[in-house]
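Next, two complexes with subunit A in common: one pairs it with subunit B, the other with subunit C.
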Partner chain A sequence: MEGIFIKILGAFLTAILAFVVGMLYGGLRRKVIARAQNRVGPPIHQNFLDLMKLQAKRTNIAHGFMGHMAPVWIIIAAMTVLMFIPILHGNLWFENLTMKGDLIFLLYMMVFGSLGMALGAGQSGNPNSAMGVSRGLAQLVGFEIPFFLALIALMIQFNTTSIAVLMDHQEATGRWIIVDNPFAFIAALLASLGMFRYAPFDIVGAPAELASGPRSEFGGKYLGTMMTGGAVFAFIKLVMYVDLFLGGAGNNNLEGLAGTALGLVELLVKTFLLYMIPVFIGLVTPRFRTEQAIQFFWKWPTFFGILAIVWALYKNGTIG
Partner chain B sequence: MSEIKSIGIPTPEEIKQAQIDFAPRCTSAGRVNDKETQGMVEHILNFARKHSLFVVAYGTGCGAIEIPATMTSRYDAERFGIRGAATPRQADVMLITGYLSTKTLKRVIRVYEQMQDPKYVIAFGSCAINGGMYFDSYNTINALDRYLPVDVYISGCMPRPESVIKGFVKLQELIKNGNAGNGEAYRSDLDWYRKNQQKVIKNWDFPDNYNW
Partner chain C sequence: MEIIAIILLILLVGSFLTYFVDSFNKKWTGTTAFLIVLITAGIFFTKIKSGYQFNFQLAGLDLQWGLTDYSYYFVYIILGLSVLALLYSIKYMEGKARLGYFYGSFILTVLGMLGVVISQDFVSLFFFWEIMTWASFLLVIYNAYYKIKTKGIKYMIFSAVGAYAMFTAIVFIHVHYDTLLISEAIAKGAFNFEQYIYIPIFLLLGFGIKAAVMPFHVWAPPAYAKSPMSFTTIFSGAMSKMGVFGIGLVFTSFYLSSNPENFFWVRTILGWMGGITAVMGTIYALIQTDAKKLLAYSSVAQLGYIIVGLSTGTQLGVMAALYLAVIHAVFKGALFMVAGAVEKQAGTTDMTQISGLIRKMPYTFVVALVSIIALAGVPPLGGFVGKWLLYEALITESNNYILVVVVFFSSTAAFMYSYRFLFGLFLGQEEKETEHVKEAPATMIIPMIILAIIATVAGAYPGLIFEPAAKAMQAIGFQDVTWQMSSLTNVWGDTTDLFLIAMLIFAVFIISFVFLTLKGLKKTRYVGTKDISTSGELPKEWENLTFQLDFFKPFERAAAPLYKMDMNKIWKDLGKNLEAFFGFFRKIYTGNGQTYALYIVIFLVVLLLFRDVLFS
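== the complex of A and B ==
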């Protein structure tokens, strides 16, 4: 019975952690961009204020049932994926469903949020939304190829599809997968630029061009819910990359609360450093056109993805 | 009775009509967040509203050129939580930056009506206050608050970014005290506004009852 309580509490804890960290990272990004432009910038907690304000709007308009459901769908997809991601390695509180799902299931579930967004945006009838959705799907086709290649390389090399087993392997050998298969990390990192949709790959939202794309007709609490979903998704992506390539977090010998706290600090440091890569690239680059973005993903990232698979086969003993 | 009417004493109906016609619209009653009725929750929410203003800048006149200066590095409006919104659905504040021709007024009204409550309007410059240098023009309106409820006027021709930020700070004060946001008043006094709007907009083709 106690196990169930710990699981439920842990699920709540995971959700709150993902929400707070995701929103704070969004605020940090705005602050970093402001400082780079020699501005003071908004406070780090600005995104929480924005969210509060959006949820406190007195009127909220939805254009039909799917427009009403789309933000909910995004939140559901984000929370479902979150439950299958190991936050801290082997921690009792953050175990959730990490042993039940695998990478293939995650790849499948992570598209669900975009699907809900596409359906909701389609119902709003705004031409900007339709263009944003078509661009988003095109970009998805672009960056998913190197991303899948990188993950398939990991699956071949370590003969497993489970994130938990990959983390166990990294802890047992003491080597991160970034060392074991660097090409997979490069391919996945380049794909993550498209996943985060910051410049130069912000062709979906496209400020000043598409009027925020799929979410142009969403205001008030709908926009707030979408922002929450986006923040949780950002956290999910970062934690997944840290789990897969950077050894995960929480591999310390400390017991109890101290171990969890140390693990969380480790997780925050790793995810923050990883997050700054797309942010800094976004700072200094203009925007690609859609076909340029797809071409980018199908050139070097895909090349590194194929190289990663060859490397995995070589390491695995299948070839060479 | 008829003699009295002929020498100019208005009937009660006429007085009522005059009161409606000449009532100052900026301070119209009927808000939900009066200071007396607002509880602790509303106080906290007003704090959030005050520090998070998404702006749809309707660049009507020359004031549009002041917006980039206000938003970028030198004056940096983002430190107050002021941020550009892409569409009226996401926006809280509409900026009317300069004179409004009757053709533009139609679009401005549609934009205002698509914004979600609580929504605020800031009008820039003399042109929006009394017509400014276009006071006798045949196709610009003179006083914006006859057509839309305005929260804050910023004087000047054009106001510099300092004045713009001052205007935003004034709006923040109003929001904090629960005195800003006339969306409800606009809806309840829609007849009065529609009458004024239809007076200047010749090709009126708004749907009578559409989804806000």
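== the complex of A and C ==
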């Protein structure tokens, strides 16, 4: 009975952590961009204020059933993926369901929310939304290829498809996978630029071009929910990359609360550093056209992905 | 009389009976056909168990009909889908011409397919294969009764080539191994690529054409799209699986009897044929503007996955192929029914003509949504299981790392046409032209909903399909096939607990639905699709905001090199070259009596000159 209690409480803790960190990172990004453009910028907690405002609004009109369902799909996707990603290594509170689903499941589950939202955006009838979806799906085909190549490289190098086992391996050897297979990290990192959808890959929302694309017909609570989902997803992607390539967090010998706290700090530092890469790249680049974005992913990132597989096979002893 | 003969007789008589019922009363034709196949299915599933066998002699040939677990697995697909398709067909075909012709051929096709899987000797296999092909050809040209020459010709030519190839292989098997029984041929190693390589190649050609494998797929998209949708349901869902049935039989028996190292090339070539089929089918599906064409190309792509699964020859891979065979029949059957319902109610499936049907056809939309999620392979529905098995088989067991990326590319690009299908027909702007559209009748909705429920349940309990699939695999020679009711495990021991995932998704769904959507539904009112924010301007009633043409133009531009490869053109060029080649031979027949007399003289001279050589 106690186990179930810890599980449920742990799930809540995970959700709250993901929400707070994700939202704060979003605020931080706005601040960083503002400072780089020599503005003062909003406070870091601005995203919380925005969310509160949105949740307080009342919506009078709707664009049909799929429009109502769109935020639900996003919550489902965010919560499900969150439950299957190990937050801290071997920590009782954040264990959730980490051993119950593998990387291929996560790969497919992560698109669930976007597809659901695309349906909601489609029913609104706004041509900008449909255009955004068309671009988003095309871009998805672009960046999923190098990402999948990187994942396959990890799978065959370490003979597992489970993210938790990869973390165990990194803890046991004391070596991060970024060292074991640097090419996989490069491919995945380049793919993550598309995943985060910051410039030059912000073709889906495309401010001043598509009028925020798929989101344009959503407001109030629904927009707030989508914002929350987006924040949680940002956290999920970062934690996933840290788990896969940067050794995960929480590999300390401290017991109890101190260990958890230290692990969380470690996690925050790693994710923050990782998060700044797409943010800084986004700062200094203009926007790609859709076909350019897709072709970008099919060139160098895919090359590094294939290199990662070759490297994995070499390390594995299959070739060479 | 043997029960299997009675069943085939019921179908045969039923086919003619339906034809005559049509001449008396057109109202009852569809119902008669439905009842005949329903009764057949009832008798089959109650009376015939796996392991049944019936031997008899005909014209001096030993013929054998029977059912192994493997063929029984395909009977589920054939009869299950046929019953649903015929129930759907009653209302779908209502008011159309030549119903007797349609239903008669339909039942004959079912007879042919059933015959193919119960045949345990090559003679009856070929016989039923031809019945199936010809009956289905009649249905392909149903909508083009007066334009046979242009519409059905591709299907006929490819089917004929496939049949000849298969016949050649059968003759060679008889010559080299002196048997016509499939089980004996397998025992003697007739499907072995190392001995007489042309036998398995000819057989794979025959089956591969039916499964629409690249590069023999060109007949499939037009044939699927042109046939009446209620028939395409089993055309794509069940009949293409006959090719899978054959390839599985030939390839697996070869794989299991031979040293896996020896057949690296066979495995690789077959796998890549499947992979390329998947990619090309997908990228052509996503540029279609006709929903039927889109689904047709998608069928080609999905069959590609199944071929990839079979090509691995490993336990997980063949399991993936067999699972995908069923789940593809389920969701693609439902989707073709959806397309048919839209065609019936709105008059067309051209996505540039209609859009925004979701509020007019809500049940059809829900079925389409569920089936599309299953097709795209997104958890928690049944399609994901197949994708998972396929990837894990390629990564962990057959070590085909580049092929898995090709398959993954195709399945990611499948999101695009999945969305295109839903958006094109059901979402988007509501047009004046579609205001009259109503929901399809109940007998069309019910079979669709049954299929959608199967696709949903298979997501949480794939074991329901694994169980017969595992038996089927044991029947073709695999040993100790392991499976679990609701979780997936690969050889490295990584698991995915589907029941848990489904429950979690369901729980989150209920919570967020109650607290978010229900509130939203109550407190908001629906405004039309013209009441949108287009940068602060309110669009006028006459403004056209439909976005349907060139939906994925950016992707087309990015993937332009892929679109340059057109198999149709290659076959057409081949046809032209052959025509020129045969045209040269035709010149021998000048039509002039004197030339023919000259030929006779030359012939006699040759005979005389070489008489020592020829008659010594």
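Quick notes
The working rule: the second predicted complex is superposed on the first by the 319 of 320 C-alpha atoms of A that agree within 3 Å, B and C clash if a C-alpha of one lies under 4 Å from a C-alpha of the other, contacts with A are read in each partner's own complex, and residues count from 1 in each chain.
Note that a residue touches a chain if its C-beta (ideal position, glycine included) is under 8 Å from a C-beta of that chain, and two chains touch if they have at least 3 such contacts.
If you're wondering where the values come from, they're calculated on a predicted model, not measured in any experiment.
Of the two partner chains placed around the shared chain by superposition, subunit C is the only one that A:159 touches, whereas subunit B remains out of contact. In the superposition on chain A, A:56 makes contact with subunit B only, not with subunit C.
Shared-chain residue A:119: touches subunit C; no touch with subunit B. By the touch criterion defined above, A:30 lies against subunit B but remains apart from subunit C after alignment on the C-alpha atoms of chain A. When both complexes are overlaid on chain A, the residue A:217 reaches subunit B and subunit C alike.
Applying the stated contact rule after C-alpha superposition, one finds that A:40 touches subunit B and leaves subunit C untouched. Of the two partners, subunit B and subunit C, it is C that touches more residues of subunit A. Within the superposed three-chain model, A:145 lies in touch with subunit C and out of touch with subunit B [touch as defined at top].
Touch criterion not met for A:253: it reaches neither subunit B nor subunit C. On subunit A, the surface touched by subunit B in one complex and the surface touched by subunit C in the other have residues 58-61, 128, 211, 216-217 in common. For subunit C in complex with subunit A, the touching residues are 356, 358-359, 362, 369, 376-379, 384, 387-388, 391-392, 395-396, 399, 401-402, 404-405, 408-409, 412-413, 415-416, 418-419, 422-423, 427-430, 490, 492, 494-497, 500-501, 504-505, 508-509, 512-513, 516-517, 519-521, 523-535, 545-547, 551-552, 554-555, 557-559.
Subunit B makes touch with subunit A in their complex at residues 32, 44-45, 48-49, 51-52, 54, 72-73, 76, 78-79, 81, 83-84, 86-92, 115-118, 183, 211-212.
Remark: subunit A residues 30, 34, 37-43, 46, 49-50, 52-54, 56-61, 128, 207-208, 211-212, 215-220, 223 touch subunit B in the complex.
Residues 58-66, 68-69, 71-72, 75-76, 79-80, 83, 97, 99-102, 104-105, 108-109, 111-112, 115, 118-119, 122-128, 130-131, 133-135, 137-138, 140-142, 144-145, 148-149, 152, 155-156, 159-162, 165, 211, 216-217, 221-222, 225, 289-291, 294-295, 298, 306, 309, 313, 318 of subunit A are the ones touching subunit C in the complex.
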